[in-house]
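Common to both upcoming complexes is subunit A, partnered first by subunit B, then by subunit C.
For the complex of A and B:
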């Protein structure tokens, strides 16, 4: 029994890590979308967390319990800086401007060779992110989102998502809520990035570009954003799917893409279209 | 007779269109003040300027003597202003009572960390009790847990009023509250608004239904092409030649006035 479990674990360790990390990224996306914003900057925040974490571990040899909070702090700081000017934008315009952030960072990673290892990236990162740590953090994040979602804060967020103008008239400080959501989402993405870096031993500058940003967005699109669990479920499906479809060999990406398209067409509110219940 | 809201030489142009031109009037505390005018007179624009959804090109809006022209809508709500919308803007996925609770946002202060502890605090309980009272007042008590999008039209209008009242406003702005209502619903609405006024809430309303306005308002401001063309009590407005002309054209106005004096 235990041997069978060990085998399974050994074979799918990367996948299990991946699902947990993607779950955190999905929650980071959820946090932004929960206030009605669309960001494609989550990959950039993830990259910031990954590089911050990897550099602190490799160059300074700091313990992981210092590295992890630091890799949440740096993206949060950047979110605070870019939040002011970008959050005046809405809809696709915010999405486009946040894509820009990812591209700027990518160029910095490539050209700041002495620190970031340039195009070769950073390797030999110690595997400090255990499965239990990743899933414990995911669980804590989920519970926190759930609790906050049920409170007056969650109500205000849902109001903004439904009708920003009316939410403002209700006395909700819309800009502050938007900025807060962006900062929290950046922290989560940073933590996910740091965990990913410390579970794959290598990071490179091209891992956090546009493609990753869209993948993170698709977690929330597929799962839905009615409850915090929905995007995590989306991440689970989209991360596990390529493995499940492995027998299809070269066709699996086609099927993968088709499943996403079909899901979005026929399940516009996600595979888990429920709404967060508040006892009233 | 204290002035609660002052609109002073307010103007708003959208490129070449002068939607509001140099409008000035005062709203007295405790009164029901109506704004009327033909279609396109600028009534909704004026409302949006007062509630902060639009920025004036020039002029000021003051609440309780404090210039609020530059404040965003949420800050005006914190100072005691609430409004409803002509085209109903409820949070349609939320339940009826959640809409009212959202309107109570500025009064709730449970800190972030406290929300992480299960079992909501006393504040949320009190808020729910107050929300239930407001629903009782507008006659929606039995619909508290209904999804608000599934309410009938008249009910949605009343829910908007309950949601606006939830912030405990000093002044409530109502943008065509009777629009689309049948005569019976309009009557009920008039009763409700009178009740609110008796509770000390100043009302400022835009409305097309003349009987409703004349019956309810203490003071009326008439807009035409963005300008204030008349102001006074309902009786004065009814016999004001400029007002009749704005609504019915100069020929009819002349005839009516002749008939009246004959």
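For the complex of A and C:
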């Protein structure tokens, strides 16, 4: 490889990983928002995936192709368990209870010291997540969402998003769709968490709290939720912006914030305000 | 709308092109990753001030490698480990620095270390005190005394001068810094044969410590060791006095208590607290007095230990580059291992494990009327 290309890739490797991982998280957010739910549990599921993946790699030395599915499975299981009681809630109430899930998990990570390393977190995680793996998974997820979105299931989800009661009256099994969406989103967030842990070599208990939950939500808000591509675009913009603006030094975060405010004000339906067309 | 956005993007592009520093051939450029924005920016800004002041002094005295100027590129990490890694990668991949100073926090160092070490770029933490930092690789150094070296000095002083025998311990268990400090405290207490009456935990954002303190009060201990950042420590001191814990029960703090903010918040309640510090503003040696006066004149505020550590580190780096005879990372690494420097923190050498070799410079301080003074 040419030397400048090598240096370029080295310089932006973490950023390229970050954009892919955040793209998966944005899709995970999209998945619950597509059925009209507001969940702030994505960061918690991400943390579960990260801790599951990191522990399986560090303590048991399992190969990555076993670790990755396992870190999707554990959050999915938790989503199934908490889905029953919490999905009776809606709107901000669901958001608040899912924030609670994140807090509970954080306290567990802190106090289950023998396993999770407590506040010191887990370090020395081998870097096994490659760019090709992250983007292949992102592409697969995008294609699947696209295909589902254009199908009968996608129409049902859109109907629920616009009016849940009416959708129920029309014969859509609302609770099943909601639970399904929550589980799929938990799996995606878990995979993203596992990939993030295996690309940054260190994870700590305070990384999956409220702040991260809001960041993930903002991907979908900035990008829009009309198509699966929109939130991924939102993630791309929000992740790359702080690095693109790095030459501005002291004004970096000011300009960063201004761009976001301007985008939200003038593009209320997201930077990609399109809708999926129905398959013929 | 789109046109105006495009104009804005264009303006940004121009701005970014203009701020890329033009580096001449006759400079040696090193990088630094510090927290310059966000809630913890106070630490990063102090470090940056110390580094820049040392750099200007070095350049005024003829620079390095026989007349080359030393230059410094400081990147912001905002206290976020991903941004810290991105900043370090930018310094290595684009600016081609042979050496990075920082990052500010131990958590950031745990993420940056494997990356810079993998590229064989010397990385020197000036403020990262957690255990296990330098074990990450042969290119990771630190000039900050780990808590494991400072706390035994404080505890020993408490034992010898105050006759402390039984102690209670408290720490914030959700904070890596506080937990790591507590581990060092526990080891030091066991080493010195203290009787540990109880170990109590709290959250770093808690404001009510009455349950833990009431329990400790009933145990009649000689001293209470607290490992946490300054805000919870101040809260504990205030509530302990409200609960009527006698003044004879001494508080012993970790590195988090080593901040003038403690006196500002807790006032008289902090009287008698003991803390070990790698540096103290009122240290009487000439080098330190000059550093404090110059810093005050240049930045119009008093230096803190982070600025002092950064100042010494920059001098150590410049000396190592001179000894190495070139600005290559491998040679600087070899030269650093042979460091023998006397700075504002006292005499300094590295161990085989790239940590500071001696805790000789540690001074034990005590709080009196909201101000630190040297404990006699």
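As a working rule, the second predicted complex is superposed on the first by the 276 of 280 C-alpha atoms of A that agree within 3 Å, B and C clash if a C-alpha of one lies under 4 Å from a C-alpha of the other, contacts with A are read in each partner's own complex, and residues count from 1 in each chain.
Keep this in mind: a residue touches a chain if its C-beta (ideal position, glycine included) is under 8 Å from a C-beta of that chain, and two chains touch if they have at least 3 such contacts.
For clarity, every value in this text was computed on a predicted model and none was experimentally measured.
By the touch criterion stated above, A:202 is placed in contact with subunit C alone, subunit B being left untouched.
By the document's definition of touching, neither partner reaches A:179: not subunit B, not subunit C.
Look at A:15: by the touch rule set out above, it reaches subunit C but stays clear of subunit B.
Once chain A of one complex is fitted onto chain A of the other, the partner contacts of A:147 are limited to subunit B, with no touch recorded for subunit C. Looking at the shared chain after the overlay, A:171 reaches subunit B, while subunit C stays out of its contact range. Subunit A has more of its residues touched by C than by the other of subunit B and subunit C. Touch criterion not met for A:38: it reaches neither subunit B nor subunit C.
Subunit A has no residue lying at the interface with subunit B in one structure and with subunit C in the other.
By the touch criterion stated above, subunit A contacts subunit B in their complex at residues 144, 147-148, 150-156, 158-159, 162-163, 165-175, 275, 278-280. Within the complex formed with subunit A, the residues of subunit C that make contact are 1, 5, 8, 12, 15-17, 19-20, 36-37, 75-76, 78, 81-83, 85-87, 89-90, 92-94, 96, 107, 110-111, 114-115, 119, 130, 132, 136, 172-176, 178-180. Listing the residues of subunit A that touch subunit C in their complex gives 7-8, 10-15, 18, 106, 110-111, 118-121, 123-124, 127, 200-202, 204-206, 242-243, 245-250, 252-253, 255, 259, 262, 266.
By the touch rule above, subunit B contacts subunit A in their complex via residues 51, 53, 72-74, 77-78, 82-83, 85, 89-95, 97-98, 101-103, 105-106, 108, 110, 112, 115-118, 120, 124, 127-128, 144-145, 163, 167.
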